[in-house]
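As structure tokens, here come the structures.
Both complexes below contain chain A, partnered by chain B and then by chain C.
Here is the complex of A and B:
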């Protein structure tokens, strides 16, 4: 075995394989649901109520995850085309169109099996208005009830008592009764508490993993690698034993990398020497995910912190699910997701990342699809540059529409950005001399 | 020429609409010393601002004549135009006369603009006004009431009068009076669209966004008297169409004129929607704050920005088509407008099911060329006239 193969094998033995298996098992469980009689709820990643769903034995289906998986498997182009042919505008979020195209094509999930129709559309309206339109569209296609959870935005950068009460009251009076009806089970708060306690445990380990990037070299890539790490906790597994086990193992694995002074593993194996430490804002592109990652790795650029890994929950500010206040804690979780924070809070968070992770600067991957992330990013970039004195970079792509991933253009811009960092360093060194 | 000449009123309204200095607002401030509070589309409770002695000022972006110098540096090309013109107005000093801005919850772009405003204009009031998407009084109602109370306290902290129930009741009455006249003008347009050309109606409604409500009410009265008396306004052979999708970023006036010139009578639309957001008067009895909240919950227009529960998308539009006796629908949305464009296919389905002809195009508020739209609308109007003649 040569070195490269060795490292790939090491990677395969690692948490990544475990996480892949967990997710694959979930998809086959979903595929078997029509026979087993298990019920499922379609819902979104930001503001997901996984523990609550699990406490009713409802299986979550996450359309955004299906969309990104479709993109990674090279299917999104056709799906989007189908949706546009059916009258959906070229201007709107491509996650929605990819999902609609997938539905049109038989709703075949990433494992090649058909996903079940929803028994419940759980519209947790957190951090993005498009979610509401998305489920209005799905509601017309499926004969399933909708449970709406309107999560107020942190317009003033805080969660007020009134906001919390609004969400808790909706959970108690609308969402829980809807879940009871669909599942045929009564609300079991003790079970929910157990789930939440497990969530907190996994969250501790996740934060330790993400914060390991403070080390030099960073043992992880907190964006490209990060999306694998958040997989279980952002999807069907928060609150489960499997998630606890996965994050424990992942943490141990990363701590071992720190001990050995190793950098991250990339799709091509161990990364070379760490040259640039970057903070990234915005979701990744999924259609050319590996190619995109490689553009960083080949330059020795490692992402030490990212906002995207906070869309399904911000935990590195100290928030943990608190089993002693089950509904309140779910409300706070929903309101605390990244895109539910106002722009000044998002800027503060990015500034903190640049400083605490001793990064060379902030890079924004601006996504055509996503107004929730993208509207305002140019100003955010300038704010972060001004406040940290570190150079900012800006690239544009899309989540799942390959028409908007221009590899040459992005590579060019990245190279210029890394040069800018070099110049800045040279300037600092010259001034210091 | 008498003061009630509708053309003169429309010209004056157009001047107000095109006045980026907001002269009328500045004068009002000099006169009253009150706070002028800007708001973005679609809906804010103007009654509450009025009751606290504030002037609500609707900011619907710039038009086709606003030069964007700095605004483009804030937004990527794939984001609609209204936030860049609004930030331009903020940065070029046009909005200096405002003491604050409200950003109602309608989409992520306006939502995020509230944060930009906070960072760029830290000394001014800048408030995201979250509106409920759950309409039970004990859920969304409680939450919304609290939002309004917070807003009232914030205004008071900035020098507005405290919110008194009787003042709020009186403001509700003043706005009810205004709403009744707005409804009258729109009803007249449905009955006799040749009397109320949409380009006139539009600038009138735009002027109504910045004028004190009492002045706007007087203007509407004059206008109604004027058009009723104007014998020169005669019917023409135009197709009756309903325009939809333009609830936030507004099309340039030239586009509205183009549609009329292309043979369309716009008999209903969702332009400058705040004047008609509440479908009926707000009851003037009972607890005025409760009434204001309840009106939002139960009596708001169906909008793509508002969650429509069981009723099914598009039904309301089909009813409006019937109510306005429109013969066709023009879907006219701003480019990159997620709420309008995600809504459109669902509504198109309902419209097709009802056998109503439709066409669609997009615009930006600063479009200056209408040739393509003119041809498309002209063909659409012709086809309607052809079929209605059969």
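Here is the complex of A and C:
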């Protein structure tokens, strides 16, 4: 990689700067928590209960986000090494190892400030078994109380009344009492409803942004750019005024790009002509994020839809948080997260993306250390290929372990995939003629 | 006919660089191969140069037949001519080696004993050339580096001992010089010069051969375009629009060799590819090994080094096995340790080798399964396809897992990628012309 190029400041649009400031402010607030006395809960992105936490004035800390932020800042290699030294094997989820290594190194967050110890470990279990093991380790370390929310898997591809009741009962009998105890406040349903109403508003705008990729050219990259767009709503801001303002502004910014007929903006500037429209399944690699994105952008490949931007909530199927049924809506939200969907539902979603976004095909980034995502991916690839008639591609990398990002190999496969699409188009054109 | 337009495909691999030259009808004119070296540009130049030489030999043959020379006679004449031609080529490179080594000796103001030792080695090598290229002789490699290297090292060893000169110093001299020699492009008129000299050596050659050589020598060869592919693609010395993915090239190349091909397995030096193609040779799906090169050709290279064998000797030895050892790991890094452990357990070399070959193919079978399985017909390409033990293991595992399938292996399979690249080049040209 050209170091000089890499050091060039990344190009950002105004929404991205705003988003960055919001997240930085949250980290500073966390860092000051021991002085201000604010209480915090460690919790996960999929099935997060941010509105509920906010209604108790509890601050969320999201270990996966810390891990990916550490990776983007080049710190994950050392953190992972520390965790491996402590006995965690090479096959363990690298988010976990990165988080444990960070903890071991003084729990210094991505902005360079120390993160507070948890007052509550809110374990929302949505499809990833590792989450339980992760918090078992944190419980040993911090001696903090654990509130577990067991979210039933959508094995049959639907949410039944008994599943909903099962989650609501846990919220009412386990989670809310735990939050009351830690925060010293009583459950305030009116406040929760206000939060949820704001969530729904922001979710409307988020969906409009994601669906803007139906335009040609797409004004956004719904994977690499998408991770910035989902940042606030997947982390600490769902239900907040800041989130409402951010998504309003973001939507306006994107609508302006559509009006001007512009493609996405990448860290290296405006993208050239759109040549390929791709749907991507699986999380991105974070250690070489910019280089990874460049491999797409340089070939004129835009990601028009991705499953990863649905891990913290699926909204483009019509789901919105509904303030009139506060606990039920939270239960439905948790059960509807992408990783909690069964494989046929995931296939349906990806097929719909390929068709509705008029994509050239599905590309899977298979993550070495993530069983939750990787299981079934080859089956999904074949299914989507068969049902759409569009070619599939398969690459492999990892979340935050730089040792698993082989640039030459990934570039080789990506270029082959794009050329394969090109060839297929030429073949179709020739037969049509 | 005074000029001929041709199209070049080049496959820059980790071990060898291959080139295929097509004529305007998309027919193969010639093939060339050389060892990949530090300078990619030269490697590509040499490979294409070799393919053009091969093309010219083909044209000479065509011309001879046009002059009424019979098939058998034609073959005999060409074989004799090519042998003499290769000798001239070798001599020219040996001259370059001598000049280069002497230049290095001068620059270093080397001890007279060392100079004398090096001179003796080189003049002996010069004397041996005729023997090396004698009628009926066989050579272990076609690459100057290997041929000259093996003679130089063995002569240097006895010279060093006899004269009390450090052997390492003589070896270092060769290693330095060969890099320079390899990267010297051949002279512009090398074909004409070598062909004429070769003809002069052939006693009693019919007049027709001289006429055919003259006609081909006068033929102006015009490059219509080139497309490159291969492992070193990021650094290929071609403009971006002339670079094609090796996966697509292998798919198209295999289709051109065997039009019924639906599944392709390519095991090269550093990667293994499983490719599915449609009835037009268009790739529909592929899988390849990730950053780990376990089970690729390089693995066999390490095993050969570890056993002190030549790469080409592994397969035949493995074929002697009656009781293959079961081996699971094909980790290239641990290859040596695995081998030594097996030997220390008293396993026979051929049984271990048979097990290793099977392990490589098992890994390839997993990639094939992931790419969508094996469809009829199945074409096996890459350097490992030349290895009989690997092919046997493959046949067995294909039958076990997919039943009876037609398995194609071409003697020219090493040129599959280059052929695909050349076809892409030729197609591009045709499309532009049509438009």
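Quick notes on this structure:
In this text, the second predicted complex is superposed on the first by the 420 of 433 C-alpha atoms of A that agree within 3 Å, B and C clash if a C-alpha of one lies under 4 Å from a C-alpha of the other, contacts with A are read in each partner's own complex, and residues count from 1 in each chain.
Criterion: a residue touches a chain if its C-beta (ideal position, glycine included) is under 8 Å from a C-beta of that chain, and two chains touch if they have at least 3 such contacts.
What you see is a predicted model; the values in this text were computed from it and never measured.
Contacts of A:396 after superposition on the shared chain: both chain B and chain C are touched. Judged by the touch definition given at the top, the superposed model places A:187 against neither chain B nor chain C. Using the contact criterion defined above for the overlaid structures, shared-chain residue A:86 touches chain B, although it does not reach chain C.
In the superposition on chain A, A:343 makes contact with chain B only, not with chain C. By the document's definition of touching, of the two partners only chain C reaches A:408; chain B does not.
Contacts of A:420 after superposition on the shared chain: chain C is touched, whereas chain B is not. Of the two partner chains placed by superposition, only chain C is touched by A:385; chain B is not. Between chain B and chain C, B contacts the larger number of chain A residues. Contacts of A:142 after superposition on the shared chain: neither chain B nor chain C is touched.
Within chain A, the residues touching chain B in one complex and chain C in the other are 378, 396. On the chain A side of its complex with chain B, the touching residues are 86-89, 91-93, 96, 125, 128-130, 132-134, 136-137, 140, 146, 148, 150, 152-153, 155-156, 160, 162-163, 165-166, 169-170, 173-174, 342-344, 346-347, 366, 368, 371-372, 374-379, 383, 396. Of all residues in chain A, those touching chain C in their complex are 378, 382, 385, 391-392, 394, 396, 404, 406, 408-409, 411-413, 415-416, 419-420, 423-424, 427. Residues 73-76, 78-79, 83, 103, 105-109, 111-116, 118-120, 127-130, 132-134, 136, 138-140, 142-143, 146-147, 150, 304-305, 307-309, 312-313, 335-339, 341-346, 348-349, 362 of chain B are the ones touching chain A in the complex. Within the complex formed with chain A, the residues of chain C that make contact are 233-234, 244-248, 271, 278, 280, 282-288, 290-291, 370, 372.
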